[in-house]
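Letters A, B, C, D and E mark the chains as written, and numbering starts fresh at 1 in each.
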Amino acid sequence: MKLKKITEKIMNTVFFFCGMVAIASVMLISVYMVLSGLPAIKEIGLTNFLFGKVWQSTATEPKFGILPFILTSAYGTAGAILIGVPVGLLTAVFLSKVAPPKLANTVRPAVELLAGIPSVVYGLVGMIILVPAIAKAFKLANGSSLFAAILVLAIMILPSIISVSETALNAVPPEYEEASLALGATKIETIFKVSIPAARSGIAAGIVLGIGRAVGEAMAVIMVAGNVANMPKLFGSVTFLTTAVSKEMAYASGLQKQALFSIALILFIFIMIINVTLNLILKKGGGGEK
Amino acid sequence: GTSNTSASDKPSDTVSSGGTTPATELSGKVSTNGSTSMEKVVGALAEAFMQQNGGVDVTYDPTGSGAGITAAAEGTTDIGLSSRALKDTETGLTGTVVALDGIAIIVNKANPVKDLSVEQIAKLATGEITNWKDVGGSDGPVVMIGREAGSGTRDGFESITDIKDKAKYAQELTATGAIIAAVEANANAIGYASLSAVKETVKAITVEGVEATEATVQDGTYKVQRPFLMITKQGETLRPEVQAFIDFALSKDNAEIIVNAGAVPAVK
Amino acid sequence: MENMITTKDLDLFYGAFQALKKINLEIPEHEITALIGPSGCGKSTFLKTLNRMNDLVAGVKITGEVLYRGQDIFAPEVDVTWLRKRIGMVFQKPNPFPMTIYDNIAYGPRLHGTHSKAELNDLVEKSLRGAALWDEVKDRLKKSALGLSGGQQQRMCIARALSVQPDVILMDEPTSALDPISTMKIEDLMSDLKEQYTVVIVTHNMQQAARISDKTAFFLLGEMIEFSDTERMFSMPRDKRTEDYITGRFG
Amino acid sequence: MENMITTKDLDLFYGAFQALKKINLEIPEHEITALIGPSGCGKSTFLKTLNRMNDLVAGVKITGEVLYRGQDIFAPEVDVTWLRKRIGMVFQKPNPFPMTIYDNIAYGPRLHGTHSKAELNDLVEKSLRGAALWDEVKDRLKKSALGLSGGQQQRMCIARALSVQPDVILMDEPTSALDPISTMKIEDLMSDLKEQYTVVIVTHNMQQAARISDKTAFFLLGEMIEFSDTERMFSMPRDKRTEDYITGRFG
Amino acid sequence: MMVNHNHGKSQTANAFRLSKKRKSYDTVIKGLLYLAAFITFALLVGLIGYIFYRGLGNITWPLLSTSPSALKGTIGILPNILNTLYIILISLVIVLPLGIGAAIYLTEYATNKKLVWLIEFTTETLTGIPSIIFGLVGMLFFVQFCNLQTSLIAGALTLVIMILPTIVRTTQESLKTVPVSYREGALGLGATKWYMIRTIILPSTIDGIVTGCILAIGRIVGESAALLFTAGIGSVVAKNIFAAMTRSGGTLSVALYVYVFERGEFNVGFAIAAILMILVLIINFGAKAVNKKLKNKF
C-alpha cells in the first residue's frame, strides 16, 4: 500500500518534470539570447545598432549597423508572402472547394512532400537553377539577389500556407455557402465573397506561420542571396538577419561575435512577436465562429 | 592546463588504422579545431598520422580560424588551426606555420584575361574598375565575388592587395567551394580561393606574370598567399601525442602529404 | 391567379435511391403552399429541386419537368444563378454570413450588380422592413449579424432573400429552430409576404401548416399523396394515409 | 442481515450545483438494491460516490458520511484503490480493455499482486464461471475481448469485477446498451451473484427493478424520495411522486 | 398580374444567362485556381525530377560505403549516413521519454490550469523558433557551457529541444483518443493512476507515438542550421555509437551543405539530395501508413 503511494508520487513528480522541460527550454533559450545579445548592443548603442546602415564587422574601425539586415528580412518576408500567399491560398481553395476529389488527392500529398524537403536542398536547387535563370532573365551580372531569396522563400512557405488555409476553408460551415448560392451567387463568387472571408482568421494564421518560417530560414537563403551587407535592392546581393548570423559566426571573435549574438537576439524578438500574434489569431479564430 | 582529455585509456575510435607499426607506442586523442580551409591539409595529415600511430585518434572540428584560436587559448582543444597569422591582440599563443597556401585569383573559363597586376586586382575589388575591357578583357561588368568578413582567405587577399575595408563585393560567400562554383557559373565573375581547392572548372590567372604553383608560393614570387598555422598555448608542455602530431606535420618526410593536399609545405 | 411553378412527372434519384416519385404539383402565385409529411419523405428534396440547390449534391439524377412561369428550369439556356435570384430560399437554421447586418442584406444586390450606395441603402431598408426587422436593427446595421437573436437572425435571412427581389420564396422549416414567440412573428410575416411573393414552406408542424398556408401538399415516401386547399385537407382529407398522418396516427 | 453500506446526510456538489441532497440510505448485505428515478436525478452520481469514482471529477465537493462495513470511506487512512477493490463497478456501456479476454480478467488480480500462473488461471476461470460466461469463451481466452458480442462483453466486465473478489458490486444501467436476450442473461446472473455479493444497480427500467431487486430507492432532483422493499414500493408507494413516476406519469 | 416585377415571360432567353462581367470573373478566377494548383504541382514535380535526374546517377556504392579520404582524394558519405542514424537514435531516446512524459502530465496529471496553459504555450513557442536560434543556443549551452564540444551528443540535445513539441503534440492527441471507459474500467478495479497509464493508456497510444517519431525523424533528417554549430561536420566513422557521440559528426543534410559550399562538389551534393528526397518519401509514406492503422484501431 505504502509502496503504491510512493510510486504514484514519484511518477507524478517525474511527469511534472517532463512537463517542465518545455518551459525550461524556452527559458534557457530566452536567457541565453538576452545574455549573449545584450553586451554588444550596450557597447554599440541600440540606435547605432538598429538603425546603422553600415555593417563592417572586421574593418579596422568596425561598424555594426544592422538596418540592412532588418530591412532585407522584412522585404524578403513580405515578398515571399506576396508571392506565396496568393499561390498558396488559391491552391488551398482549389483543393478544398474546386478540385475533383481524385485530383485533390494527388495534389495534396505533393504539397506535403514540399514541406518535407530539407532547406539545404531548396538552397542547392536555387543556387544551381534559379540564380543563373534570374541573371539571364533580367540580364543581370549577378543573379544572387533578394529576388532569388524571395522566390525560394515563397516556395518554402507554400506548404504551410496551403495546409492551414485548406483546413480553415474546410471548416467553413456549409450553411454560409448554401445561403450565398441560394441568392444566385456562382460557386466562385461564393468562395471569394463568403468562404474566404469566413475562413480569414485561419488563413491569417497560415500567413503568420509562413512569416515565421520565412523570417527564420537561413540555409536556403544563404545559398542564393549573395550575402553582401547592402541595403536591400530587389536585384542586389543582400543579407538577411539569419544569414548575417550564420555567415560570420564561424570566424568571428570579440565584439564581432557578440554583435552576431545581438542580431540573433533581434531575430528572436521578431519571432516571439510573430508567435504571440499567431497564438492570438488562433485563439480568436477558435472563439469567433459562434 | 585545462586540457580536456587525458592521455590514457581513451581508445581510438577510427577504423582507418592501416596496420603499419608505430615508431613509438603513442595513444590518446589529439583534438584540432579551427579553419575550414585547412580541412584538406589537416585531414590528410591526420589520416596519415593515424595510419602510423594506431593508438592515436586525431579529431578535427571545422569551426573557423577565430573559433580555433579561441579554443586553443581556452584549452578546449589541443591544437587550434588558423588560416591567418595571429593578430597582435591574440597573445599567449604560439603559432607554428605548417604550410603556406596560395590564394588563387580565379575567373570564368570564358574570360580571356590571363594576367593581372596586384594593383589591377585591387582596383577590380574596390570597384574602381567596373568593366573587363579596362583590363584587357571583353566588354562586360566585373562581378567581384569574395569571402565573408573574418575569413582567413579574405584577410590574406585584402592584406596583400592592401584594400582592407575597401573591397566591394557582388557576393560574399562563406566557403571556398561556393566561390569556385559562383565563378564557374558567371562569365563576368572574379574571385579568390585557396589554391588547394581550385580545379579545372575555373581559370586561375597569373599575377604579375607569376603562375600560382607550389614552387612560386614557396619561393614567394607568387604574392597572394597566406600561412596555415597550428596554434598552441605558449610555454606549455604538450602531451607526447600532440607534440608528435605537430612534429609529423613539420617533418620533411611528410611534405608530400601536404603537397598532395594542395598546399605548400612550410619547411623547404 | 396563375401557377407560378408547375412540376410534371418529377422523379429524383440520389444514386440508386429514388427520393421523389412522379410529383405533379402546381404552385399558385401569391399564395402560401405548405409541404408536410413524415421525416425523410422528400419535402426538402422537392423544395431544393425548385431552385436547383440539388445541383450541388453529387449523384443526383432528375427526370420530368419543372416550369417556372412556363420556363423549364433545367433548359440549357437557363442560368442557375438567375433562377436562384428569382426563387429565393430560407433555411431551417438561420445562416447569417459572418459580416455586418448591412453587408448581409447588401450581399445579394451587390452580387447582381447594384453598387450605388444610395440604391443599396434603399434596398437594405426596404428588405428589412419587408422582413419586419427594420425597427429592431436600424441602429445596429454595422454590427455583426451573429449578434442577433435566433429569431432576428431568421428574419434577417428572410430580408436577405427579399433583397434580390425574388418572385418566389422557399422556406425549409424556417421556424423549427426558434422559440414560440419568434415563430409567431415569422408566421405573421409570411402572411404579409404573400401579398408580394409566392411562398412555399416545408413544415413538420401541422398546426403551422393549417394556420398559415392556403394550399397543402402531403408527401409520403417520395410520393405526393394529396394536394388541396389547406382547409379542405385538414377537414376532410381524401386519402386514408393523409388522415392517419394529420390525426397523428404515425410520423 | 447487516448493512453493507450506510450513507449519512450525504451532500454532493459539482461546483455550485448540488447533485445530491442529504441522502440517507442503508444498503443491506447479500441483497440487490435498485436505484431508480428520472434522468439527471443523481443516481449515477450516488453510485459513483460509493466507490469514490467521483474523485476523478474536478470540482466535486462531498459532505456527510459514507460507511462501508462501518468504515468511513473518506477517512484519510482509507486507500482508494483498496476501496475500489472491495467495491467493484460495472458500467453502462461494456468497456473491455483492448487486450485478450484472459488479460482482461487477470488485469485486476495482477494489479493487486497475484502473478502466479496457476493462481491466475484459477481466478480467471472462477470469475468467468461466476459471470456465466466460461462455457462460451473458454476456447478463446487468448483472443481479443473486443471480438465478443455486446452482451458477452458486459458479462466479461462483470467477470472482471468479480476477479478481484469484491464485497459489493455497483452496476450503472448495466443492460441499457444490450438486447433483450443478453439483458435476461445478465438479470439471471445478478440473482446468482447476490448469494455471494451485495449488488447495487442503477436502472431506468422499472420492470427490471421490480423483477430483480430486493430493495428500491427512488431519487428525484438529487433527493432520495423513498426507500423500501421493492415489492412494497411498486405495490403501494408511500410518496405521491413515487407513484407518479412508477405509473409513468412523468420521467 | 405582376405589378411590381420587371422580370417575366416576356424576357428574351438572354436574361436567363449570367452577365458577361460575372461570367468572365468566374472564368478568370477559375483559371487562376487551376494555375495556382498547377504551379504548386509543377514546382514539386520539377524539383523532385531535377534532383533525381542530377542525383540518382551519382549515387554509387563506393560513395555510400566509404569515408572520405584526404590522402586518396576520395569522397564517401558512409560517416554521414551513420551520423544521421546515430543522431536520430540518440535524439529519440532522449526526447521520447520527455515528450511522452510531458504529454502524460498534461492530459493525466496536471490540475493547475495555468501551468497547463504555460506548458502548452511554451511548447507552441518552441515550434516557432527558427533552427538557427536553436543552433546558437545549442552552441552556447551544450557545446560551450556544458563543455560537450562540437559533438553528436550536443547536436542531439539541441534537436531534442527542437522536436520536443512534435512528440508532445502527437502523443497528446493520441492520449485524448483513449476512451474514458478504459480509464474508468481500470480505476474501478482499484488501479493506481500510474498502473493504469502503464497498462492501458500507453499501449493504446503507441500509434500516436510512432507518428510523432516519424515526424521527428523527418525534421532531424532535414535539419542543417541547428546542427552546423552543435554537431559539426566531422566525417569519420567511429567504432560505435558511444564513440561517435563525443566527436563532431555531420549528418547528410550538413554534409550536403559542406560538400556543395566548401568544396563545390555538386555531384555529391545532388547525390545526397536525392538520398534525402528518398528518405522524405519513405517518411511521408510511413506516416500515412501509421495514420491509416491508427484510424482502423478502434
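What we mean here is this: contacts are C-beta pairs under 8 Å (C-beta built on N, C-alpha and C of every residue); 3 or more make two chains touch, one makes a residue touch a chain.
Here is each chain with its UniProt name: A = Phosphate transport system permease protein; C, D = Phosphate ABC transporter ATP-binding protein, PhoT family; E = Phosphate transport system permease protein PstA.
Everything numeric in this text was worked out from a predicted model, so none of it was measured.
If you take chain B and chain C together, the chains in touch with both are A, E. Among the remaining chains, C is positioned farthest from chain E, on the basis of C-alpha centroids. Located most centrally within the structure is E, per distance between chain CA means and the overall CA mean. Between the two copies, chain C and chain D, the Cα superposition rotates by 175°, quoted to the nearest 5. With centres defined as mean CA coordinates, chain D is found 52 Å away from chain C.
Spacing of chain A relative to chain C, judged by their CA centroids, is 48 angstrom.
Residue positions 81-83 of chain C each touch two or more of the other chains.
In chain A, the residues that reach two or more other chains under the touch definition are 4, 127, 186, 189, 223, 246, 249-250. Residue positions of chain E touching 2 or more other chains: 18, 22, 192, 229, 260-261, 266.
Those residues of chain C lying in contact with chain A across their complex are 51, 53, 56, 81-85, 88-89, 91, 93, 95-99, 107-108, 111-112, 146, 157, 160-161, 163-164. Against chain E, the residues of chain C that register as touching in their complex are 2, 29, 69-71, 77-79, 81-83, 86, 113, 165, 167, 196. Within the complex, the chain E residues that touch chain B are 67-71, 73, 147, 149-150, 229, 232-234, 236-240, 243-244, 247-248, 259-266.
Those residues of chain E whose C-beta lies close enough to touch chain C in the complex are 1, 4-5, 7-9, 13, 15-19, 21-22. For chain A in complex with chain B, the touching residues are 56-61, 127, 131-132, 135, 141-144, 222-223, 226-229, 237, 239, 246-253, 256-257.
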